[in-house]
Amino acid sequence: MFSHNKRLQYTVRVNECNPGLANLMLEQFGGPQGELAAACRYFTQYLAEDDPGRKDMLIDIATEELSHLEVIGTIVAMLNKGAKGRVAEGVNNAAQLYRDITGGGNDSHLTQVLYGGGPALTNSGGVPWTAAYVDTIGDPSCDLRSNIAAEARAKIIYERLVNCTDDPGVKEALGFLMTREISHQQSFEKALYSMQPNFPPGKLPGVPQFTNVYFNMSIGEGDQRGPWNKEPAFEYREAQVAVDGGDGAASVRIQPEDMQLLKQAATRQQSDPQSDPVTGAMLGKEEGAGLSQKH
Amino acid sequence: MFSHNKRLQYTVRVNECNPGLANLMLEQFGGPQGELAAACRYFTQYLAEDDPGRKDMLIDIATEELSHLEVIGTIVAMLNKGAKGRVAEGVNNAAQLYRDITGGGNDSHLTQVLYGGGPALTNSGGVPWTAAYVDTIGDPSCDLRSNIAAEARAKIIYERLVNCTDDPGVKEALGFLMTREISHQQSFEKALYSMQPNFPPGKLPGVPQFTNVYFNMSIGEGDQRGPWNKEPAFEYREAQVAVDGGDGAASVRIQPEDMQLLKQAATRQQSDPQSDPVTGAMLGKEEGAGLSQKH
Amino acid sequence: MFSHNKRLQYTVRVNECNPGLANLMLEQFGGPQGELAAACRYFTQYLAEDDPGRKDMLIDIATEELSHLEVIGTIVAMLNKGAKGRVAEGVNNAAQLYRDITGGGNDSHLTQVLYGGGPALTNSGGVPWTAAYVDTIGDPSCDLRSNIAAEARAKIIYERLVNCTDDPGVKEALGFLMTREISHQQSFEKALYSMQPNFPPGKLPGVPQFTNVYFNMSIGEGDQRGPWNKEPAFEYREAQVAVDGGDGAASVRIQPEDMQLLKQAATRQQSDPQSDPVTGAMLGKEEGAGLSQKH
Amino acid sequence: MFSHNKRLQYTVRVNECNPGLANLMLEQFGGPQGELAAACRYFTQYLAEDDPGRKDMLIDIATEELSHLEVIGTIVAMLNKGAKGRVAEGVNNAAQLYRDITGGGNDSHLTQVLYGGGPALTNSGGVPWTAAYVDTIGDPSCDLRSNIAAEARAKIIYERLVNCTDDPGVKEALGFLMTREISHQQSFEKALYSMQPNFPPGKLPGVPQFTNVYFNMSIGEGDQRGPWNKEPAFEYREAQVAVDGGDGAASVRIQPEDMQLLKQAATRQQSDPQSDPVTGAMLGKEEGAGLSQKH
Amino acid sequence: MFSHNKRLQYTVRVNECNPGLANLMLEQFGGPQGELAAACRYFTQYLAEDDPGRKDMLIDIATEELSHLEVIGTIVAMLNKGAKGRVAEGVNNAAQLYRDITGGGNDSHLTQVLYGGGPALTNSGGVPWTAAYVDTIGDPSCDLRSNIAAEARAKIIYERLVNCTDDPGVKEALGFLMTREISHQQSFEKALYSMQPNFPPGKLPGVPQFTNVYFNMSIGEGDQRGPWNKEPAFEYREAQVAVDGGDGAASVRIQPEDMQLLKQAATRQQSDPQSDPVTGAMLGKEEGAGLSQKH
Amino acid sequence: MFSHNKRLQYTVRVNECNPGLANLMLEQFGGPQGELAAACRYFTQYLAEDDPGRKDMLIDIATEELSHLEVIGTIVAMLNKGAKGRVAEGVNNAAQLYRDITGGGNDSHLTQVLYGGGPALTNSGGVPWTAAYVDTIGDPSCDLRSNIAAEARAKIIYERLVNCTDDPGVKEALGFLMTREISHQQSFEKALYSMQPNFPPGKLPGVPQFTNVYFNMSIGEGDQRGPWNKEPAFEYREAQVAVDGGDGAASVRIQPEDMQLLKQAATRQQSDPQSDPVTGAMLGKEEGAGLSQKH
């Protein structure tokens, strides 16, 4: 069961309202690398996990991400606080309000007109959060790798946001949130490697003749060799069709009655490669303008 | 520039048509862990990448994933081939067609009625593919980790699909595709670790006092200690509000005119904690049925 | 700040695994009327709210909804627990596994193949949760009405789920969750009516001549009169164009240079109502089959 | 059956073209609180409704909302009319066109480049309309409450739009549309309360011991008491795990063969809490740079 | 302005309830080729159109499509009518209700549990309708072609639905709707070709040396020649990089300070092609299990 | 199987970085009329097509569209190259960075903060690409018409983009891409008309009495006659309900037990047209403020 304390995990001191900056911050509130995505990722894993150690870790971190969602959402709310009053009460000067919400690098109309200045579960471009961002698939060796990657991405987005503001209180709170992603990444790394073996993920081994092969699918100036395609880890091969040694074609056994229908459809829909038909485009070309039906 | 050879990278031999199984296979055609997502992930990274080694690797693998998209899509097309004729030509027995597309573990109505038996860019549940699945963010230490995780996830989905079919040709082709994910994961791992340092991702260091802290946010039976929250890597702390030492509150400086409007809004919208108002719900309760307006 | 206790708000006792029922339950986990939507709705309102009473209530209820999300997610996890092992370990009998996940009223392939048996943030049809479900707009007289309606809807979905299962433990837990929606609805009702006046929402009054008018836009047998369109509350009028007394047309002042371009476009794109052109469809009709270009 | 009259329900007189303002207006054309959402909400309820009074009301209002969709769409078309010619014909000065569609508080590039200046079924941020906005669930006591809330929200969005423009014709038409939401809200209120009882929604009663309880889930400074959590309507309780008196745990009966597989999976995937494994992150830390494989 | 008549454009006589068939029918209610998409496509074109003839035609057909939306939605409502009562009132036998909504080719759980048996704006797989289906772009020579294609697609979906049912009343109503798509397609064809010239669409001519070239991008057995790639309409060329005669590379002028930063980033993030680093995957391989950190 | 050559199909020479222009260009990278949509449309048709000529053409063009995706993505990458360094390395001047990404007609914050300056699979407004854009339905006479329309739309979007830039290298590359759409449209036209007959699409003929009827659904000033609704092609009729000659009503046979439940639900939920109930709105009106419950 969750409970809540009205004090934040980290004190938020915003120097001045700035709806444009608030919009940027939404990236970590309702964006793909944001805190809701993180909380949902770990919470769904927690529910299905049976290993006691990972289960405990997942809910600890999920709960902390919810608390971070609160911190970043509070930053947005503070940055929008001035705008909120203006939106609620209206102002005498519509032109001014219009400029406020659309002009001067402050493209916050969506946040203000639609959401009334509150933090919205969208990214910084206004796209609503979707669970398509959550890549939990219920295998710990995968999910932990996904978590490691997700923490790394979240760290970078915070770094970019830190670089966009001079407000010391905002910078400090973002710095805290960014740091926690580093810490969480390390926990997930430890959890992954304390499960041995963890590679390849799952149970089925790879087909030996293709497990350590690198295919050079793109040719031309710029071909490079490096540890990702070199011996001893890899056998480097030029791109090749039908690597199985077959004909590279596709086949399927069809029931006779279905075959009959397929043939019928093929006949009905066949193209005539010998024709040179008049087309709609030809009717519409400038020179075709005079073409009209006689009755 | 891309080019194409009409032979597949891997020969596809399907034993018999099975639209239900075709639907399952869509998971790796247009699903979140599928080949289109993989190709798009690496291709978008390729376009922005400047490191020659990674750039070459990304387009090699992106191109191979496109070729895998073709293999899995071809499997779907073969499994649906019988259905395709029936959908195109109609059958005399509507009840039979209805049963074929909805009954007996064969919930393929979407694929058949909407897509005419062709492979659709949806997951196995019919949800259209979305670029929200693509987690490229333009930082190589993150994107490589995302790629590692994505390959791990794709491997598992293929493993699950392999476990769902007895058709030897389908099993073999899926086994090839699954194996290539293992190989690609290894390439991305090599690429990540050949960039040193790669942790923490990005440029800004973490705030030292929070980089190696683990907060025990969830209490109760089930608390566990392990390498993910133990010394020497971590300092283990109980959950704590305002870890910065502040008051855990949020503050912002508001312009006087905005403050005026906020107060005005607050007054207009204030709730009266002393009241005990009649509510809409009370009007609608059984005993409130008689309550009607007198005129 | 959020914290967590590993004990649930309500004990979950599931009688036997049932992945098909698990899928139904997802409706309240990741569906539009589900607990994530509820928690997000109230939590976003909390962040922007300034009234102390409402603010406290919103976070109390948001936190409880998170705890309900945990209860319903746990039910899903229990119902899927048997399936989870089979998906993770594979089984020797692929045909059996295929039947298990697609047949007999158990269309849980998505949950099993894609999510490995874990609770997914989708509705019961596999559609990923989206923040488009969250209708917070930052005005308390609206948001409280939205909350009242949302609680009513959630109550009904729980009622329908209760009606679909005989498992006493599932029924009991669902009954608790359903009941809490009734309680929350009453709290939101009290909060709405303790803010006076609360109708019409917002600050601007309606235009008097249209505030109490009902237009009979649909004619024919079935026209009904009732309190929703009768005196004294309403003036009943037949549908009417241009109720403002104008001409019902649209006009705008255009800059001369823009007018010039519009005319140019209109001329370029004008249709000729006097023509009777040959069309692409005519080329493609059976009798048109012989039409071919001479060279 | 629907029919149409080319005159609008309300005359639209726009003073001058303004693509930026046109974009704002899209909020009520293709946004979540907009007229398409309203029309679809009531129309889908109409189709399934059996009560003659509600059925008639729903189609009357649905039809009016379609007519409002036409009014707001016409406003957008008028505001964009100048832009439309420029987009269609091109202008000699590309830099000017570029500035027109991206600069000066006029972020209308999407509307102009993609939609050619026509009204698009998106919100003001360019997000396509989705039926996820439509919260019809087929129970009248819920749907009417949803309608009441939806009308309240729509009223507020119109109010905010009115506050953003000085154009008297636009203000007047928006004022009409806003007013009609007030009127519709009143009709839905009358319809809800003319169905007695209507609370709690549906048929199943709540579990008595939890129907009037308020849990204080969030603690700390800011706890408030009010009619929403006070006697006589509510019993106020501190947050509590396992309110049912059980152990707050989750349980399910598993088939022996499934249990076997679960144990097998658990063993295969168990984490070792005693280990202190080297991790990927450690390999990537600055000090780890020298770590390389010996062959 | 729209108005409505309670009689349908076509009488609907459904022989018996069938929720599974109702679900199929949703394809044309809230699916991509369905009536809402059609109505929205033509209605948005109408609002922006200036040519009097096309404008009138667009609103005539948009209004008819709304009337078809009503017909198909009514069919869904009739097919679900029995289910509606069961969902609303509950039944004593939960197992029966569960089977009704999930089993035997009747995967209508979403429609019933979530939507209470009413017609939902989803496709037959439960995916909510999205305005992404509407391809209006504000150029008549394009939009008319889009309309022609859309009518053709809608015709086919109706044909497939007709083939899935034996119910004579449903068949007849679907036949009417299907026929109207044929008629509408013909109107759009006439409108397209009465605008001369209409090809190529828009104003800018193509670059002559590439307007009639066909590139053979895919090689191998299966290469075909036909009117789509043959003289006289086309020049057939083998795939070729850098068809402009340049080097096929990409270049851009960078500001010196930006170049400085790019170099800095490149250095920081460069991969070492000479290294052979230990990777995370290697740590996780079976043989790596013993690898642990010494302290 | 796909392969790749590192040289582009068309050389890209960008004069100077311009992130705002880069954002516009995304319209053809990840937008609805863009190259990914085109490639996916033709590739999915290829997989299911059996006619040898069409099959070959579809993969030729699909492969070329992938190569165009690379060209347009490369243009985006070049235009963003300066920004990429600044985002990766940070700059000392946060205010400057903030202005760079939000101000002066350069609303590229999403591309820069979220995607790090790389090309994202979104449209120019930041909406992620979705397979809902792909209108393949598996019938060649429809799919070819869809392709014709799609090429026409893509041509227009390119034309609009050409009109927005003065950069000669960008203009030239866009001109090439635009031209290829003209060429592809012509190929699809030839393919459509070399299949005879191709109208009406599919197999079922229309119902004769409704195949050539035009209904005048919208009345009022502006009614026009033209080839799209005139003899000889069409019979022009005024809008009419129940064109089948029936009563325009809907009916269905209901099982007795279901009828019983429907009646029960109707009784429980009936509205009372004679009542004039007090409503929630009335409780909330200014004059209702004093209304409070007595105990």
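For reference, chains read A, B, C, D, E and F in written order, and residue numbers begin at 1 within each chain.
One rule holds in what follows: contacts are C-beta pairs under 8 Å (C-beta built on N, C-alpha and C of every residue); 3 or more make two chains touch, one makes a residue touch a chain.
For clarity, every value in this text was computed on a predicted model and none was experimentally measured.
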| item | value |
| --- | --- |
| Relative orientation of copies subunit E and subunit F, as a Cα rotation angle in degrees, nearest 5 | 180 |
| Subunit B and subunit C: spacing of chain centres that average the CA atoms, whole Å | 21 |
| Distance between chain centroids, defined by C-alpha means - subunit A, subunit C (Å) | 22 |
| Per-residue overlap in subunit C, given as positions that touch at least 2 other chains | 1-9, 32-33, 53, 56, 59-60, 63, 67, 74, 77, 84, 87-91, 104, 107, 114, 116, 122, 125-128, 130, 132, 137, 139, 141, 148, 156-157, 159, 185-186, 190-194, 196, 199, 203-204, 217-218, 220, 222-224, 226-227, 232-233, 239, 241, 248, 262, 265, 268-269, 271-273, 275-283, 295 |
| Chain contact graph, described as a line, ring, star, complete graph or other shape | complete |
| Interface residues, subunit E side, partner subunit F - complex | 5-17, 32-33, 52-53, 55-57, 59-61, 63-64, 67, 74-75, 77-79, 81-86, 88-89, 91, 130, 132-133, 135, 137, 139, 141-142, 145-146, 148-150, 152-153, 155-157, 159, 162, 172, 175-176, 178-180, 182-183, 185-188, 190-191, 193-194, 199-204, 206-207, 210-218, 222-224, 226-229, 233-234, 239-244, 246-255, 258-262, 264-265, 268-269 |
| Residue numbers on subunit D that touch subunit A, as the complex places them | 20-21, 23-24, 27, 31-33, 104-107, 123-127, 156-157, 159-161, 163-166, 217-223, 239, 241, 248, 262, 265-266, 268-273, 275-282, 295 |
| Touching residues (chain side subunit A, partner subunit E) in the complex | 141, 189, 192-193, 196-200, 220, 224-227, 230, 232-233, 241, 271-273, 275-277, 280-286, 288-289 |
| Residue ranges of subunit A in contact with subunit C within the complex | 1-9, 30, 36, 40, 43-45, 47-48, 56, 59-60, 62-63, 66-67, 69-70, 73-74, 76-77, 80, 84, 87-90, 114-122, 128-132, 134, 136-139, 203-204, 275-280, 282-283, 291-293, 295 |
| Of subunit F, residues touching subunit A in the complex | 1-7, 50-51, 53-54, 87, 90-91, 94-95, 97-99, 101-104, 107, 109-110, 112-114, 116, 122, 125-128, 140-141, 148, 185-186, 189-196, 203, 232 |
